[in-house]
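Following this line, the structures themselves.
In the two assemblies presented below, chain A is common to both, partnered first by chain B and then by chain C.
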Partner chain A sequence: MSLQLTDDQLDLLKEVFNLGVGRAAASLSKLANNKYEVVLSLPKLQILPLRDMVSILETESNNNITCVSQNYTGPFNGTAHMIYSHAASLRLVTMMLDSNVPSERLSELESDALMEIGNVLINACLGALSRMFKAEIETELPQILSGTPENVFKKGHPNFDLPVTFIRSEFQIKEENLKGYISLFLETDKIQKLLEMIDQYNQELMGM
Partner chain B sequence: MSILLIVDDSKTIQKQITHFTAQHFPELKVVTASSAEEALTLIPGIIKDLRVAIFDFNMDGMTGLELIEKVKDIIPTNKIILCTANIQEAIKAKAHGHGVNFKEKPLTMDNFKETINIVLKK
Partner chain C sequence: MLKRIEVLNLIDSGFILVNAHLEIVHWNKWLEKHSNFKSEQVIGKKIDDIFPKTKLRLLEIIEDSILLGSSSIISDRFSQNIFPLFHNIFSEGEMIQKIQTSRLKDDEGHKYCLIQITDTTISHQRENFLMMQAKEIKIKTEELENQTKMASLGRMASGIVHEINNPITIIKGYEYTYNSMKKKEVFDLEKMDEMFSKIQKMADRITSIIKGLKIIAHKDTFEFNQLANIKQIVDEAVELSRPKLEKTSVYIDYENIADNLEIWCDPVQISQIIINLISNAIDAIEDQTSPWIFISARSYDKWYEISIIDSGKGIPANIVKQMFDPFYTSKKVGKGTGLGLSISQKIAEAHKGELYVDQKMPNTTFVLKLIQSKYWGL
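Our next item is the complex of A and B:
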C-alpha cells in the first residue's frame, strides 16, 4: 500500500506528535524533580517500509531499543509505539533515580519509568486527537519490549514491507550531555480512517 | 481594527485559533506568522493595533521565548501568551519571569475564550 499525505495531514500529525512529546518532556523533567530541562527538536515525519525504519533504528540506537506499545480503539484503531534508544533511556532513568537504588532494581525501575513516559506520550497524542475530533479513543495497557529493532518488531509485524508512519524528535539534556530520540510509529494500513477525520476536521475549520 | 497575532509553525494551530477567534472575538483581525523570524518582520507594521499575541514555543529557528526577548520592549508582555505542550517547570518559570501568560496546548474553545478575555482586560 502506498500512501501520500497532504500538507494538512502532515502538519496535523506532526503537531499532534509535538503535543505528545512536549508532555513526555515535562514528565521526564518532573520525574527528575525538575532538575533538568529537556530540549526538543521539531518532529520529522517519514512514511517508509518497516524494514527501512528498522535500519534507521539499528544505526541510531546501536542496535538496541526499548519500545512501549499501546493498542488504541475508537473511531480509528491501531497500535502506537514509542521507541527509545536503550543506552539513552538507561542513562535517563539513572539520572531520575536516587543513586542508592541497588543495581539489580535498576532494570525493573527502568521499565517502569519508560512505560510511564511512553504512556504519557501516546495518551497525550491520542488525547489531542480525541479533543480535536470530539471522539472517544480508548487505550489498552502499554507493553514494553527491549532488544534489537528487528526482534522487537518481528513478532507483531511479520511483514517488514508494511509501510509505517514514523515520527521522531531528538531530545537533549544539556546538563548531562545526553541526547536521544523519542519516536512514534503508526501502521499506515490502519491510519486511513484517521486521515479521513483529519480532512474532515480541516474542512470544518476552513468552512467557518 | 484590533489585531490578534499567532506565531506558530503549525498551519493546523493557525487555522484552529483563527476559527476560535472568528467565533468569539469577531472584532479581532487575525494575523499569522509561521516563524519567529517572520513575526519580527510583521510586528512593526501591526504594532499600533496589536492587542494579543500568541507564540508557540517549539519552532524552527528562534523559539517563542527567544521571540519574547526580542519584542518585550515593544509589546507589553502581559499581552503575550506563550502556548505550548512543553509544560516543563523550567519553561513555565522563564515565561513567568518575563511576565507573559503561559497556556498549555492544545487550547480548547473554552480556555481560549477565557484566556483572551483576561488578556484583553489587562
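Our next item is the complex of A and C:
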C-alpha cells in the first residue's frame, strides 16, 4: 500500500488511541476491583492486506484466537476487535472473575464476561475518537468469535487481499503477564476520511 | 415511534426506553411483573430517581449510548443486580441480570437509549451448581491421592518395623545365650565366635536397610565422574550374581551387548541395579522348568536402553503400580526387604535415567534407560 502517514498524522492517531485505551484500562481495573494493573503499549498503525495481518496473528497466537468484535459506523466504518490467543483469553476471564476452577473452554457466562471486557475496551477507544473528532461513531452490540485467525476474520471480510488499516495496541495485565491486542480495522476507502479528520483536527490545534 | 414501541410489551425481557434527559419514556409489561413499579408510576421520571442506587457505570453507559451511539453490555459476572428486580412474579428472589444498551432515534431525530434486561438467574444457578461439582470432584481426587500416599507410608512403616525387628530379635537371642553362659560360667569360645559373627551380620543388615532408606530419601550422593562401558557393567553384575545363579537352573544370556556403549555414571550403583533385577528375576522364575534371563542393550534417540527380560509372563498392572514403593514385596517373608526396586529406581533417576516395566512385552521386561555419554550434561 502506497499510502504513507505523515509523522503528525501518526502522532495524533497514537494520541487518540492511547487516550481511549487509557480510559478503558481505568474502567477495567474498576471492574476487577483494582486488583490488576493494566498496561497498554503505544498503538501501532499498519496498512496491509488482511491476509498478512491474519498470518501475523497466526504466529503470535498459536493459530487459535478468541476475539470480541464490534462493528461501527460513522465518518469511517469498520470493525473493532479485542484479540487474545484462546489460552490467554481463558486466563484473562478466570483471573478477572477470580475463579479457581480451571477451564478448557469458555462457558456461556464466561463468554459473557469476556464480551463485557472487550466491550469496555472497544467503546472506550471509539469513544475517544468520537469525542476528539466531535463525530458520532455508532457501534453495534459485541459478538464473540473463536477459532483460527483465518476463520474468525473470513466472516466479515470475504476478500483477504484487500488492504485494511490495522491499528493495534498491546494490552497487558502486568501481574499475570497476559498479552493481547486491541485493534481497529478500518475499511481502506475510509482511511482518507480518517486522515482528513486528523488533519482538520491538527489545523484546529495550530489555529488555537 | 412510541406506538411501535408497544411491541416491547410482548417480549419476555425487560425494556426501558430513556430519552436524552435520562427520563423514562417506556417501561414494558415484563418490568411491571418483576418490579414494584407500574408503567404510569415511572414514565417521565429520571431513571436514577426511581432507582437511587443506580450504578454510575450504568449511567455513563446510557449517556455514551445517547451521545456517541455506542452499544454496551453489562454481563452478570461483575455486577449482578443492576436493577432491584425480582426473579419471580410473586416479588420474591433477587434477579440476576444481563443488560444491553443501544441507541434509537425517532422520526424527528430525537435520541433514546434502549435498555434491555435479561433474567439470567437460572443459568447463573446452573453454572454455580456445575462449578460446585467441579470443586467437589477436585477435593475428592485430592483426598483419594492422599489416601493412596498414606497407604504407601503405612506399608513403608510396617516394612521398616518388620525388617529391623527381625535382626534385633536375633541379636537379643544371642544376648540371652551369652547371659546364660555367664551364669553357668561355661564359655564355649567357638560358639561365641559364631554368635558374634551372626550379630555382625545382623548389624550389617540393619545398616544396609538404613542406607537404602537414605537413597530413597535423596540423602545419599552419587559419583557420576566415571565414563563406563555398559557391557563391562553387565559382565560384572552377572559375575556377582553367579553364586545365586548356580544354585538354580536359570540360563542367562547377555552376550549380544555391543562393547562401545558408554555412559557417565557411578558404575557400582548401576551394576547394583542390574544385580537387583537379576536377583528378582531368579526369585520369580527359579521354579519353572526351563527358566531363562536375557539381557540386551540398544541405542534409542539420546538414550541407551538396557532390557532385563526373563521367562516370566509379565507382571499384573495393579502390582506394577505399587512395586516401586519402598517396602512393597511379593516375596516370601524374610526373602526380600522390599527396598530393591525403589532404590534401583532412585539410582536411575539420580542418573537422569528411568527404570520401568515394559508392559507391552509378552515376557517380564524391566528397562533401564540411561543417557548416552555424548549427551550427558546437555
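Everything that follows uses one rule, which is that the second predicted complex is superposed on the first by the 182 of 208 C-alpha atoms of A that agree within 3 Å, B and C clash if a C-alpha of one lies under 4 Å from a C-alpha of the other, contacts with A are read in each partner's own complex, and residues count from 1 in each chain.
Quick note on the criterion: a residue touches a chain if its C-beta (ideal position, glycine included) is under 8 Å from a C-beta of that chain, and two chains touch if they have at least 3 such contacts.
Given the structure is predicted, the values throughout are model-derived calculations rather than measurements.
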item: Clash or fit, chain B versus chain C on superposed chain A; value: fit
item: Which superposed partner A:Ser130 touches (first chain B, second chain C, both, neither); value: second
item: Which superposed partner A:Gly22 touches (first chain B, second chain C, both, neither); value: first
item: First, second, both or neither for A:Asp7, with chain B first and chain C second; value: first
item: Which superposed partner A:Leu141 touches (first chain B, second chain C, both, neither); value: second
item: Vertex chain A; arms to chain B and chain C (CA centroids, nearest 10 degrees); value: 110
item: Touching partner for A:Met206 - first (chain B), second (chain C), both, neither; value: first
item: First, second, both or neither for A:Asp161, with chain B first and chain C second; value: neither
item: Which of chain B and chain C A:Glu196 touches, first, second, both or neither; value: neither
item: Touched partner set for A:Ala113, first chain B, second chain C, both or neither; value: second
item: Smallest separation in angstrom, by C-alpha atoms, between chain B and chain C in the superposition; value: 14
item: Residues of chain A that lie at the interface with chain B and also at the interface with chain C; value: 30, 131
item: Chain A to chain B touching residues, read off their complex; value: 7-8, 11-12, 14-15, 18-23, 25-26, 29-30, 34, 37-38, 40, 42, 124, 128, 131-132, 202, 205-206, 208
item: Parts of chain B lying in touch with chain A, wherever the complex brings them together; value: 9-13, 15-16, 18-19, 22-23, 58-60, 84-91, 105-106, 108
item: Touch list for chain C against partner chain A, complex; value: 57, 64, 68-78, 98, 100, 102-103, 120, 123-124, 127, 130-131, 134-135, 138
item: Residues on chain A engaged by chain C in the complex (per definition of touch); value: 27, 30-32, 70, 74, 96-97, 99, 101, 107-110, 112-113, 115-116, 119-120, 123, 126-127, 130-131, 136-142
